[in-house]
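Okay, handing you the structure first.
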């Protein structure tokens, strides 16, 4: 079953096409790594898939439905550049809030469970503004995974993580993939991403320059894809 | 989860966050008090003519101090990109909007209920105000809802743009003219001790109509503002 | 082709205006107010043109939100700007008239006050546009604001009229009679004003489209 299907998507800023005729799919259980230089359109594409903005042309389907529909949103997890949790609330309050918004049957319980899984149960009543960077990032991951989404969209999730947070995230992503979840992840940290990826797509100036399975050569030499399909300059 | 429950979850979240920092509410209170003080220098509170303008002055204070709260409304979602998480959550944009509007409403009403006695004391209108306290609070309630509804949707509109703090009042006040006019008229009449006449009913209808129309328009357009 | 139409319309509008102004100047002076009453030939058509412009802005804003076609956004901004210009003309002619008749440059009569509030409303629309850099977001948010502004126009006009009946002030149009045979000249002027407005909108449209193209070329150049 195609978890994420992007067909003929264009995204315009005024008349300028930031995304041009994007054609990509990701099957259930796949992990698609989106790579590309800065400004290639990775963040734009991820945000469009997540439903934060509308494509100018083309269609996006997540598990067969539009991204902005309510049932689709319950199955989607997103980690962007920000941690998307409130500084003035505690870790527990933050997760309980999102658990309620996502209609979980026992919000408090789910929140506590995910605080444990990300190693934050001891600081559950601490305000987020007092957390270290790594703790904040682990909380962001907890927030994204809290409602057990079927599709995870992650924008450069490994950037600026400390090793503890990287380990937690990799573990959670592996568990998610083993459970048949789908991941679309943009990344600069090629090695960590390519270890998890089943497929790779290279974006170049808003277009898909390459899309295919992740091969051992790619994992061994992350620059391989760029060299072969991207720009040399 | 029902729509109402979703609205309340958002409202409670905003209020809890605000109570932790008290940034907006403190600024709003302080500003209201300072402006009331300045007005008492500008207009002699003992003269009869100043009783005529008292109702108007009060609403100018509320409009300006209220904007400080309303500006924060969507701006508080910017650090850490929290707005993304709220927009991505499976709640309708209207639930997010109404939750924030209710939280703003309670904060602005709190500022107004504190300012009202101060205003009455500074302008020597404690007796008429106490005599008509409930009608005055009623007018405050209706007028503040109009201010909140417009201010909250425009807070969403201006959250990501340059000069946000300037744009919000610039856009809100002209639209608010009919509601402010009605509220000022009603408040002035009540403070002056006039009984509620047929003219006042027209102003009341205007205020209620404004509130209803703009609540509907905001709820209809909020999804466009949030997602584009 | 479009340029030819614009120029033709412009020439026609100018011709009508010149001919009409000549006729109006020769009309007998109004009994109570003298020559200055003839300002009504400009003052009222400007207001009507401004109202038409704001209605066009509403329709095109709604159409933009539905179709996401930038042509509609261009018409909306052009129409609003032209409407603002005409409304300013309305305010200035009203002020001149008041100065001549009442000796004051401004009074808070119902119509002038409503015009001023509506002017501020649509000036806010332009300020909003200036504050948003990204074209799609700018067009979308401006369209939403345009809808809010238009809803307010009738409410503002009515509420200020009601306010002023409670607090009578010098009413600018009291005491002037409008002979029926003046109606033709009035309508000709109305047509001329509307044509001038349409010409201005079309010129502005061309400029807006060039601006958008420039903007997208600039982005493309940066992306290289």
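Going by the order they are written in, the chains are A, B and C; count residues from 1 in each one.
FYI, a residue touches a chain if its C-beta (ideal position, glycine included) is under 8 Å from a C-beta of that chain, and two chains touch if they have at least 3 such contacts.
Keep in mind that what you see is a predicted model, and the values were worked out from it rather than measured.
Comparing chain pairs B-C and A-C by the number of C-beta pairs in contact, the larger count belongs to B-C.
On a Cα centroid basis, the chain most remote from chain B in this structure is A. Think of the whole protein's Cα atoms as having one middle point; the chain whose own Cα middle lies nearest to it is B. Centre-to-centre, using mean CA coordinates, chain A is 39 Å away from chain B. In terms of their C-alpha centroids, the spacing between chain B and chain C amounts to 31 Å. Chain C has its Cα centroid 49 Å from the Cα centroid of chain A.
Residue positions 136 of chain C each touch two or more of the other chains. Among the residues of chain B, those in touch with two or more other chains are 228. Counting partner chains per residue, chain A has no residue touching two or more of them.
Of all residues in chain A, those touching chain C in their complex are 12-16, 39, 56, 205-206.
Contact residues on chain C toward chain A in their complex (touch as defined above): 68, 70, 134-136, 212-213, 215-216, 219-220, 223.
The residues of chain B lying in touch with chain C in their complex are 150, 153, 157-158, 160-163, 167, 170-171, 173-175, 177-178, 181-182, 185, 199, 202-203, 206, 209-210, 213-214, 217, 221, 224-225, 228. Note for the complex: chain A touches chain B at residues 50-54, 68, 70-71, 73-74, 76, 78, 80-89, 93, 97-98, 100-103, 127, 143. Touching chain B in their complex are the following residues of chain C: 65, 117, 120-121, 124, 127-128, 131-133, 136-137, 140-141, 144-145, 147-149, 151-152, 155-156, 158-160, 162-163, 166.
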